[in-house]
Structure formats: structure tokens, C-alpha cells
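Each of the next two complexes has chain A plus one other chain: chain B in the first, chain C in the second.
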Partner chain A sequence: MDIHTPLAHFEKVSYQYPHRTDFALQEINLTVRKGELLGVIGATGAGKTTFCLTLNGIVPQFYGGRFFGHLRVAGLDTVDTPIHQLARHVGMVLEDPETQLIATSVENEIAFALENLNVPAEEIRARIPRVLEMVRLENLPKRHPSELSGGQKQRLAIAAALAVQPDLLVLDEPVSQLDPQGAQDVFAVLRELNHTMGMTIVISGHAAEELAESAHRLILLAKGAIVAEGTPEEIYGNVPLLEEYGVRPPQVAKTFWLVRHLLPPGASLPVRLSEGLNRLKDLPRPVHLPAIPASGATRPSAEALITVRDLHHIYPNGTHALCGVSFDIHAGEYVLIAGQNGAGKSTLVRHFVNLLQPTRGEVHFAGQDTRTLSTADAARRIGYVGQNPDLQLFNRTVEDEIAFALRHLHYPADEVRRRTDEALDALRLNDVRQRHPFSLPKGERARVVIAAVLALQPEVLIFDEPTTGQDLAGATAILDITRDLHRMGKTILVITHHLYLMPGYAERALLMNKGHLLLDAPLREAYHNLAALERTALTQPQAVKLAQALEARWQVPLPLLTPQEVAQCWLAEATE
Partner chain B sequence: MSVILFQSTGKRTLFHRLDFRSKAVLMLAVTVTAFVWEDPLAQAGLALAVFLACLLGGVRWAYLRVIFLLMTPLFILLLLTHGFFNVEQVRSLLGREQLTYLLRFPENWRLIGGGGLTREGLLYGLNTVLKTLSVVMIVPLVIFTSDVDQVVVGMVRARVPYTLAFIFSATLRFFPLLFAEAQTIIEAQRLRGLAVERLRPWERVQVYARIAVPLILGALVRSQQLEVVLQSRAFSGSPQRTFLHESRLSAADRAVMALALGGMALAVALRLLTGFGSFRG
Partner chain C sequence: MSLSQPSGEERRVQFLGGASVDGAPVAYLIVLAAVVTVLAFIPFSAVLGMGGSFPMSQGVYSLVGWILGPLAGAVSSGIGTLIGVFVAPHTTRVWYVSVMSALITSFAAGAMAAGGKRRGWWLLPFVLGVLGFVVYVGRGLQNGVALSTALMTTFVNWSALILYLLPTRSLFARWIASTSLLKLAAGLFLGTWMTYGLAHVCAGAITYLMFNWPAEVWMTLIPIIPVEFATRGAIGAVIGTGVIAGLRAIGLVKPTHAAY
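Right after this comes the complex of A and B.
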């Protein structure tokens, strides 16, 4: 494919948001060429979203602020050309699938931009099936967008952008809130659009494995500036650079970087799984069986704290969200609950705090039927940290937020003070105790919510999708807190579909699919059970796939989970 | 919570098939009739008809129940204020001085001495309550049985400026999201050990007041996101646009409009000419 004709040209572009002294973009010089798929990577706050929004003029025309330099897209200056005219040339897909869908049916969603552009109704009717077919939603034109899955919603947003037949499609972190299946579907559609139709695509995000597979070129942003630019091999192969800027490399690149001394001199690192699997043959037979940390031995000795028996839940609209789920959670365990969107994970744990009641079956906490507990009573023993911290903060200071529950439960004043101080210390929030929670960055807001829940000193803590929308540093910071709490003796349950994050934290995995418990096993066993993971549309981390390929090649058991563990096969400090 | 909680899109009833304009005329007719009539019995008939129409149109009983519960304090206030204090207007409407006292304060009580609860005042209060109910219930019947996009098309065809129609439809889309967020915040409070049901009324008010900050901040963020989305989709508020769906009045629409306007005219005429619907105590 010829990808040489310039489509968008940044010339010394810098930008400051109103009332800010720092630059969101700094001296950007870049040309986006027709037919290329450009990935924009960087840690949270690096300027990815601002970069994307400059391409359709939202920055600076909507936000204001100070814009320096020139940016031309399809020959139009993005500062001088009205946004609605730029919209003919630039299609935009944003991060949150919920807020960007505005119509009441799939076809109306696609029609909206075309109606605004005065396209005749007959032409709109002709384009709708075409773009729906491109994103594989051709059977759902009348469906209400809220009834679609997360992946389908993002594909609908892509279809709505494609309908105007733009020169450039820009996607800002389009898969950050999707499960692996949804993310794969979106990237499959993007690759097809790029490869078969030559659509020019700019996509930002943290999805390292998918970007390595799809992008022609990557730019790495930090503090609004481009710090590196090159092919996926050049960027993702430079692991120290990525780690310096807080960006997660694909696991295959990380693994081979750890054993780079074994590769032929001058050889580049593989950044795609297929290449990594091929390159395994360049490596010698593993000389060490890596030290496998013992899985938690809490289950056999400890008593069951939460007992779930034949749990069914049917929502008022008839959705059978849980279908006969049974298991025990023991005191002191760290359990991962994983499964695709709609698998029933959140529905399950909401029974533990009596936010939902079983349609059939029972849930007991410490021997007591949870139906007999009020949510307020259950909350004293089971802390529940929801996904969006902003909907869990409602006090004027961090300190008040943490003391809120204690005061309402009429704890003595000195006890309120003592527990508040303890929670502030545990979550390292002492310096911001008098700040308004909403004045803090997202990562700290999440910590305030955890501290507020922790103040009640619950025995069990449930974290519902705590890593969604976080970059590597944010996700790791939250998971490190869960590990600290686990070491303090708390029972931890984490719901996530980011499997690559959980080794080193969880000991046991419950895999759910369509309301059923597919697998209840130690983490290693679960991660190596490909059949169960595939049934719930989860993807094995690349390190696990590499380990399985090694296992098959050398006929040695290698139940490994992380790049570090795989690399240990050849490193001297490993134990035999 | 589902965003489509407030819509009965699952059902396809007669009301769903009607154009928004004919339903808007129906809403106008019910509102005018409710205001013209002052007889509690006639108002009860109208309110009952609207209630049954709501159920036929698929408006959920759970939603109507919430309306009734939320409005109960207002209804009690209306009954008491009319029952105790609406003496002059009731006398004037009935054309007589003598009212039937169900309860009377002693003459020597300051300010309210000699006054009391009258049967006629209570009935007039009941008329106001039923009037309010009819007007309040017709709104979900019209809105929940209409596709928001059809509402916009219908309004534009009725010569409402497109920007205004869009703001109206955006509000309809926005409200369920805000409601869902409010529910999530209340849930978060319960998960902090707060038993709202055990609180005293003023404590509950304090607790609910706390919802406002995250809700307003969330709404501001959402409205900004919405505007970014709209502008990215070439929305400029210009009336120079096309519509995917046509808005055509069917025979049923014309019949409903004729019946609604005819009924409204009849209600006004009967009131003026025969006194039907007048307050008779």
C-alpha cells in the first residue's frame, strides 16, 4: 500500500488549555500519511487525547486556550475551519462507549452526522447498511444502542464516523473500557478498514499487543511532546525507553528483552506474538525450571467465609444473569473473578452485600444469610469499591470522606479520628487530607474511595474493575494496595478482565461465562486452561502462550505466567 | 441501571404508532380540560382515563407509583390548605356563605379562631389534586411512547426551531443517565454503612443533599463530552439539515387529533353553556 501522500501535517504545534501554565502539546512536528495506521502511545496525562482532538479542531476551537503552530488536515487549517466542516473529513471515536452514542437506534446513530451534513435521506439509507456491514453490525439496525455490548457500541461509533466517508478516522483510547473480546473485535475491524479500504487511522491507547499487531508507525508522547517515533519494532522493541515513560511493552517484547543476551547479535526484539513464537527456536533448551511461588495455602485450613450455593439471579427484564453458581471463599484468600462483559461477575458480588437478592439459592457470609443483612450492616464487614471513583465521593474533604461512614454509624469521636488516621496512612493520603476529593488526580481519587471503605475495617474487600481506564502505573498502584491489604489479613476479591495484571497478586481464579462458573482453580491452572478462557472470551497473556509453546517444544512442564518467569528459564539465578 | 428505564420501547401499542404531534395535541387537550373543569367527579374520570391510557401505552406501574409517592406530600398539602384556608374562593364558586365544617377551631384561638376544615374546601382540594395528576400522568404517556428522534422530527415539522427541539431531546436522553448516576451515588453511600431507612427525615435530607456535588460535576463532565461528540458529528444547530425518518400523519393520527381537539372544545363549551364540570361542592 502506498502510504506516502501527506494527509495531516503538524508544524510546531503546541497547545495550552485555558487557565493552565503547562503545555498539553509541545512542538509537535509530524506528518500523517494517507493509508497509514498510526498508533499514539504514552502514559496517562501524556497528551494523547489532546493530540487526537486537534485533528478535528475540537482543540482549540471548542476548549479555547492557546494554540501555536499550524495543523492542516485534508488541506484544511484546523483552527480556521469550523468543526462541523472538518467533521466531513475527520471521523472521531472517543473512549467512553456510553457517552458518545446519542440516538435511540443503531441506524439513527449512523444517520445523525449525515443529517447534520445535509445528506439526502435516500443516500443516508443507502450508506447505513454499508457501514454496518463494515463493522459487522448489519443485523442490528433497529437495536437501541444501550442494548449493545461494549465492543458493539464502539463498533457502532466507528460506523457512525465511517458513514460520513472521512479521509481520516481518529480513535482516542477506543478499547480501554472493553473486555478482550470487544477489543479484539474493534481492532479486527480497524485492520480490515486500513488494509482493504486504505482508510487512514490514528489510534491512541494502552493496548500494546493490539497496536503492535496493527500499527504501521507509533509515536510515543510524554508531557505533550513526541519523545520517540518509529515502527512498532523500533518503539516496542525499546523496552527501557517505554518503561522510562511508564508505557507497558507487549509481553513478548518484554520477555525477549529479558533474554536478549541469548539472541543473535544485532537481532531486533519480536513485538508480535507470532514472531515471538517463531523466535523461540533461536533460544536454547530451558536450563532451569523457574522458581514457582507457592499458591496461597489458605483454603484448606481456613473456614469458608462466603458460601454461595446454587445461586440464580434473574433481573426484572428476564435476563438470567446467574445460573446455579456454587463456591466458597475462605478467610485470607485473594481471588480473581474474571469473564467477559455480561458474564455475571458484578451481579455475583453484589449478592454478598445484599445489593441484590438471589432469585434462587443462597449466599452466606460468616454463616449468616446475606438476605437478612441490610447493605449498611454488610458494609461493615464487606467493603465494596465500585468502578467509577467519581460516583463514590460526596464529601468536601478527603478526611470527611473517610470519616463519613464512621460518623454516621455513631462511632465515638476519638475512634473516628483514630480509624481515619489509620486509613489515611495506609493509603498514603495524609498530605491531601484537607483537599477536596475532586481536586485530586484520578488515581488518588480511587485511593480515597478505598480508604473510605477501609475505615470500616471490613474483613473482605471487593474491587469491581479497579484497573479499567488506568495506565500501567495507575493499575499497578491500585493492585499494590490490594496486595498490602491481603498481607494485612484481608480477604480480597478483584473483578477484572486484564489477566496480564493479576499474577503476583491473586492466588485463585473464578472464571465466569454467561452466568455460569466455568472454572474455579489456582491462578496458574486457570491461566493455562485455554479452553475455559476461550469460552469466556478471555485472552491468555502472551507470556502464558510463550510458556505453553516452550512446554510443547521441550516437553517440560512450564506453568509460567509472566515475562519474568519465562525469562527465568534461561537465567542463572533460577532454581532447578 | 438501564438507560432506557424511562422508555417503554419494548411494547408496540397504539400510542407508540401515533406521531408525536398527535400525542402533543392529546396532551394539550387533557391539560386544557383539566384546567377548565373544577368538579372532583369529572376530574376523577379524566384522571382515571389518563391512568388507564398510561397502562395501555406500556408506561410501567413502577414508574407511576414513584410519581404518586413523590407527589403525595404535595397532595396532602393541597388538601389541607384548601380544606382549612380556601374559604372565600369556595364560597364564591358555590354562591353561598354557609360551608360544612368537619372540624372547627375555638373562637378564642389567635389568627385561626373560628376557622376550620370544610367539606367543600376538601373537595376543591381534591379537584386540584386530580387536576395535577392528569397533567402529570399525560407527560410520560406522550414522552415514553415516543422515540426521541421522532420527537425531534415531529417538533421540527410542527415548526419548532431545530435547536430547541434538539435541546428538548438531549434533555430526554440525559435524564435517565443522571438518574442512574444518582442511584449509583446512593448505593455508594449505603456501601459505606449508611442505612438511609433508619435516618430521621432531616438527616435523610442532609444525606441526599450530598448527592448533588458528584451529580452536578458528573453532569457538567457529561454535557461537555456530549458537546464534543455532537460537534465531532458535524452538529452546528443549523436548521439546514435532512432527516432520515419522515414524520407523516396517518389516518389514526388525524382521528386522534380530531377527537382530542373536539373533546377539548366540547369540554370548554359544556362548561360555559351548561356548567358541566363546575365546582358544586
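Right after this comes the complex of A and C.
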């Protein structure tokens, strides 16, 4: 594979969106070489999406604004070449596959771009099975895209981009909405395309573990500028640099960074799990192991706040989304609900706020059947932050968005102002309070919705994938708020695939699989139950895998969850 | 980190996608045509004299013209209305009159702010409006409608013609381009009244020639029509203020002949 010929060349590229005074990209000088798999990382708002959109000319041709410098892709200037010509050379896959799927069947979806490019029908028919095989969807050509899982939809979007046979495939946060198995599937396909076909790929995102496994090179963006560039070892191995710019390192790198004094001088940090597992043997067995933290949830003895009994839900299209789920949630609990895409998690919590009604079974909130809850009651008592923040935004400014429900629930003006200010502070939205919500990046739009719900001060808060598309600082800020609310006595329910984020927050985990409740256990127990996690397409965080490797090596139980806890095995002894 | 002056050469940015109509991306035309079609489903007032009801989409024809410009706006609202004729027949009386109203309103709105070689484009809808007024009122007088009744019934139309002829046309256009939301809303309300008033009288002329409703109906229409026009203006102002404020804030590419 020739990874030396330049395919894309940025020369002094800077870009400013219309009506903005700051620059989304600043002085970018970079060459993307043929056959390279380049990762673009950075905090939310660092310019990753803008960087991706410059490669097919959407920035600046569609957005307008001011563009400085030159960017050539496959020999074409992206400012002077029409987008439809660039589209022959640059395939684009966006964060949310739903926004790019428009056809009524998988094969029609692939054909759509080709038809627009006037590719002969016979050639289209030949390409469809070829690209479907590449993304492992060859058995579903007639399936309606809406019936695919999240991972399948994303792979279909990739297939549609591949069918054009682009020189460069650009993926903007392609796995942020996928469960770990779906994310691994997508990255496996990308690695295969890169290795076997020499496809040049640019991927932006926060998927540190996957990018460490797959990328040849990484660039770290901050405020639109490249602040570091190098191999995954160089970038992910520099933990202080990443933390300075709000980027999460792979857990394996973080763990070894914490015990770096035990590594040979000058040794680089492992950034991939396999390397980390190998390097464990370099670490001495401590004489004394630290006390294992308490195993988590102690169920409050109070009466259940939410009672779910034999809950079934069948959608009008016949999908049996919930199949006899039963459990109780007590006041003051912090519960993680996890499971693969399509496990029924969102369907479940929508019953709590009467957005859905049981097909069979019952859901009670504080003794009241949720079917009888009015919208106003539900809004006051149960805050629901949905998966797609855009569906909950409709005001002209961030401030209005947060104050909207308060005003409509007739709170006094002073109270509206006070609660709005508090919510803006808590979610770090003060600087954008007068901005239009849709002018913000997706991560910040999600924070606006959370702020709006938070302002209502409900008893129960349900967060459906609140950390999707968030950088480390954004995700931590949101989860810290949930922890503060929990400490104030609120009941918190969080749905997420990002298991590595939840230790230190959730106490109890409900694992769901295809509409069934697979496991209801304290968090520590759930994370170490590999069989249950695998059944629902979840993968253990790297720190848990390292802990299990140590457990097998040392023959002691080590139900550890985080890099800090794993490192504590050695650090505790050092501080004694 | 802030950048005062980038070191790279500043480039001339233009939309080169090719898929555009008179400087407006086709995607915008499709979206707004879809909005017009969807609003065609919603009736907001009964039609005296002929039966049926008016579609709510009449409130956004002008908005489409201001967003897309006179030609692209007319194409978009025309297509949206034509589809609406088939999918929402309950709000359609005479299909070609519905489409014609959409075309004239959007064109008149888009032409309000036109400059350069398009400076005189506003004359076309104005002349059509005058002709429509002459035919409508003239036929009414022939049918025995009193002049005072005819003038009161057509208040919305002659007021629209006067507002469109006078500098108020460009004043409303400036308000629509204003960053003040109050001025924007006022411009949208009055602009919708004015531009729909031109199309309304043209449509009225044709349908009156077809149906010849009696003088009593003219009387009944006197209090009703201004309320309907105020409703159309309110629809345009409410939807338009949000849409235009959003478009400005999001910073999507602005069609070449947009008025906002």
C-alpha cells in the first residue's frame, strides 16, 4: 500500500462561518496521503465536523462564510470545484445515518447517488452487491432502511458512499450513536477497506479505543487549529496533552500513565488493549492489594417510586419492543439502563412519562398508573431528556429554550430568571445564552435540552443517551450534574452505551436485550458479568478487562471498574 | 486562540453545486414546497360564494418569495400548491387559480426588494393586480353591486395596491431585512397582507367571472375578508419570524435573491 502520495493537501486553510467572529478552522497545514487512515480528535467545538466538511466542499460552498488558503482533494480545489464533482472523489458519512438515508430499500439507497451521477444501470446493478458485501449487508438488499439496526444503518451509509468509488472516505463521528458491538463492526469494516483496498479514510470522533486500534495517524484539533499530530502511540500516549485539550485517552493508556513510575524509563505507554494486557506482566504484584470498593447499590427500603410489572409493548408495525419486563425503582436510586441498539431501553422509559402506553402490563409512578398522568404532571415530576436533542428544541435563543416550560407552568418571573440562570451556569451555557440553539454543535444542543429539563427541578430525571457526541469534558459535566442531583435526593435513570463513563455515578445496572430484562444487579457485578454484557452487544471497558487479566494472574477477586481503581493496586502500596 | 488575519489567501466563496434555481439551492425549493403542501391540508376559513375552505398555506406564499427570491419562490410555492391541489382537494376551489395565487404572491414578495436589473420587476404583479381589480370591481358594478360596497369589500386589495405602489413596498422589504425582530415581524405581517392582496384580487376576478356571486355576498364579505387577511399576515409573521431568525442564526447559505 502506497501511503506516501498526497491525496488531500491543506495549505494555510482558515474558515469563518457567516455571522461569526471566531474562526472554525485556523491555519491548517496538512497532507492526507493515499491509503492513510487518519483520525481527527478534539473536544466538542474543536472544529472536527468543519474539517470534515471542507474535504467535499460543503464548507464553504454550502455554508458560505470566509475561506482562506487552499485545499486540494484528488487534484481539485474545493472552493472552485462544484460539490457534485467533488462528490465523485469524496464520500461522506455523517454522525446520524438517519439524515442520509432516503430510499425505500437498501439497494435503492446504494443506487441513489449513482443514478444522480448518471452511472449506467448495468454498472449500478453490478456495484450494489459488491458494496453490500463489503459492509456485510449482502443478505438485506430488499430491507427498508428504517428496519435496520443503528449499526446496520451506519454501514449502509458507508456502503452508499463506497458505491461511488471515492478516492477518500470521510466519516464524521460515525459510531457515536452505536452500541459497542455496532461501533466495532463499523471500525472492522473500515480497517478492512483500508487494508484490502487501500481506501483513504478520515474519521473524526471521540472513540479513543477504536481509533487507537485503527488509525495510522491522528491530528488533535483545538479551537480549529491542529495542536498535535502523530501516531496513535504519540498522541494517545501523551495523556497530559489530551487532558489539557479535553480529550479522553484510551483507558489502557490512562491506566499505565497512572503507574508510569513502574515502567522502564523511556518506555512508551500502551494505547491498545492487546499491548496493555502484554505489558501487565512488566508490573510487579503488589504485596498488599487495596481494599476493594463496596459493591455498589444498597437498595433503599422505601416504597418503590416506579413500579414496572409484566410490561409488554408492541408497536403498530408489530415490533415486540418489550416482552414482560418487571422491576422496581426506589426514590433516590441512580440506575444505569444499558443494552444494544433496539434492546427496548428508550421504549421502556417512555412509559414512565406516558409518551407510550403499555400493550400489556402496568407502570406506576408514585402509586399512580402512568397512563393517567397528565402532560403537565409528568413534566413537573419526571424530566425526560430524549435521545435526539433536536426534537426538543424550538425556541429562538438558548435562554428562551430553558425558560420556556417554566413560563408555561406559570412560575413567577423572578423564579423563571433564577432557575434559568442556574441551569445555564450548571451546563456551562452562559456564553451562548443568546445564540440560536440550532447554531450550536450537537453536544451543546444536548446540554441545552438538559438545562431546560433541569430548570423544572423534577423528582426523577431520565437521560436517554445524554453523552452521545459529547467530549470528555461535556460528558463529565453532564454526569457530574446527575451525581449532584442524585446527592440532592433525586432519582436518576441514565441510558447509555458508554459504560466506561458510569462508574462513580450509577449504583445499579439494568441490562436489556431484545425487549427482555437480562440482568438487574449492582454496577460492579454487572460490569464483570461478561456473559450478560456480550449477550446484549456491550463490551467491558478496557479497565475492567485489565482488572480481569490481573485477577486471573494473581488469583484474587478484583472487581475493579476504572483506570484509577486498577492503578490503585500499585499506588496504594506506594503511599503506605 | 483567536486569529486576527489568517495568513492564507482569502478566496471568493460561491455556491457551485449547480443544483439551484435562480441562485436558490434546489433543496430549499423542495423543503419549502413541502411546507406549502403540508399547510394546504389545514383549512383556516370557509369560502363564501363558492364553498370549500382556504388553505393555511396562503399565509406562507409571501415568505417563500422572501426566502428564495421572486423566481425560485414562485416555482417552489407553485409546485407545493399544485401538489396540494391533488393531495388536499378540500382546500382547493379552482386548481389553476390556487396555483396562480401562489405564483403571483411569491413573485410579488420576492420582487419587493429586487435591485439592479430586476429593479422594475415589481411592476408585473402590480399591473396584474390593477387589471384584476378593474375586472373584479367593474364586473361587480355591472352586476348591480353598489360602488361603496365594492370598495369596502375590496379594501384589502386596493390597500395592497397602494402599499405596493408607494415606498412602503421597499420600507417593508427593509423591515424584513432588519435584525430587529419587531420590525421583521411587522414587515412579514404587512408584506403578507400587501403581496397576497395583489394575488387575491387577480384570483377574485377569475372566480367572480366564473361564479358571479350575488351582491348580498359582497356585503357579507366586508367584515370577513380583513380578518382573513390579518390571519394570513399573522401566519406569515409567526412562521416567518422563527424561520428567518433561525436561518440567520444557523448561517446556512443564503439564496442569491433572498430578502432577509
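One rule holds in what follows: the second predicted complex is superposed on the first by the 476 of 576 C-alpha atoms of A that agree within 3 Å, B and C clash if a C-alpha of one lies under 4 Å from a C-alpha of the other, contacts with A are read in each partner's own complex, and residues count from 1 in each chain.
In this section, a residue touches a chain if its C-beta (ideal position, glycine included) is under 8 Å from a C-beta of that chain, and two chains touch if they have at least 3 such contacts.
Only a predicted model underlies this, so the values are computations on that prediction, with no experimental measurement involved.
**Q** Identify the partner contact of A:Ser214: answer first if only chain B is touched, second if only chain C is, both if each is, neither if none is.
**A** neither
**Q** Could you look at A:Pro82 and tell me whether it touches chain B, chain C, both or neither (first, second, both, neither)?
**A** both
**Q** May I ask you to decide whether A:Thr54 touches chain B, chain C, both, or neither, giving the answer as first, second, both or neither?
**A** In the superposed model, A:Thr54 contacts neither chain B nor chain C.
**Q** Would you check which partner chain A:Ala111 touches, where first means chain B only, second means chain C only, and both and neither mean what they say?
**A** first
**Q** Looking at chain A, does chain C or chain B touch more of its residues?
**A** B
**Q** Determine, under the contact definition given at the top, whether A:Glu11 touches first (chain B), second (chain C), both, or neither.
**A** A:Glu11 contacts chain C only, not chain B.
**Q** Considering only touches as defined above, state whether A:Val164 meets chain B (first), chain C (second), both or neither.
**A** first
**Q** Examine A:Val353 and indicate which partner it touches, taking first as chain B and second as chain C; both and neither are also allowed.
**A** first
**Q** Quick one: is A:Phe62 in contact with chain B, with chain C, with both, or with neither? Answer first, second, both or neither.
**A** After superposing on A, A:Phe62 lies in contact with both chain B and chain C.
**Q** Give one of first, second, both or neither to describe whether A:Phe404 is in contact with chain B, with chain C, with both, or with none.
**A** first
**Q** By the touch definition above, which chain A residues appear in both interfaces, chain B in one complex and chain C in the other?
**A** 62, 82-84, 438
**Q** Under the definition above, what is the set of chain B residues touching chain A in their complex?
**A** Listed in rising order, the residues are 2-4, 7, 9, 147-149, 170, 173, 177, 181, 184-185, 187-195, 197-198, 210-211, 213-214, 217-218, 222, 225-236, 238, 240-246.
**Q** Across the complex, what residues on chain C touch chain A?
**A** 1-3, 6-19, 25, 181, 242, 245-246, 248-254
**Q** Mind listing the chain A positions that touch chain B in their complex?
**A** Residues 53, 56, 58, 62, 82-85, 87-88, 90-92, 94, 96, 98-100, 102-105, 107-108, 111-121, 124-125, 144, 146-147, 160, 164, 317, 353, 355, 374-377, 379-380, 383-384, 386, 388, 390-395, 404-405, 408-409, 438, 452-453, 456 of chain A touch chain B in their complex.
**Q** Any idea which chain A residues touch chain C in the complex?
**A** Per the stated touch rule, the residues are 11-14, 17-20, 22-23, 26-27, 57, 60-70, 79-84, 222-225, 396, 435-436, 438-439.
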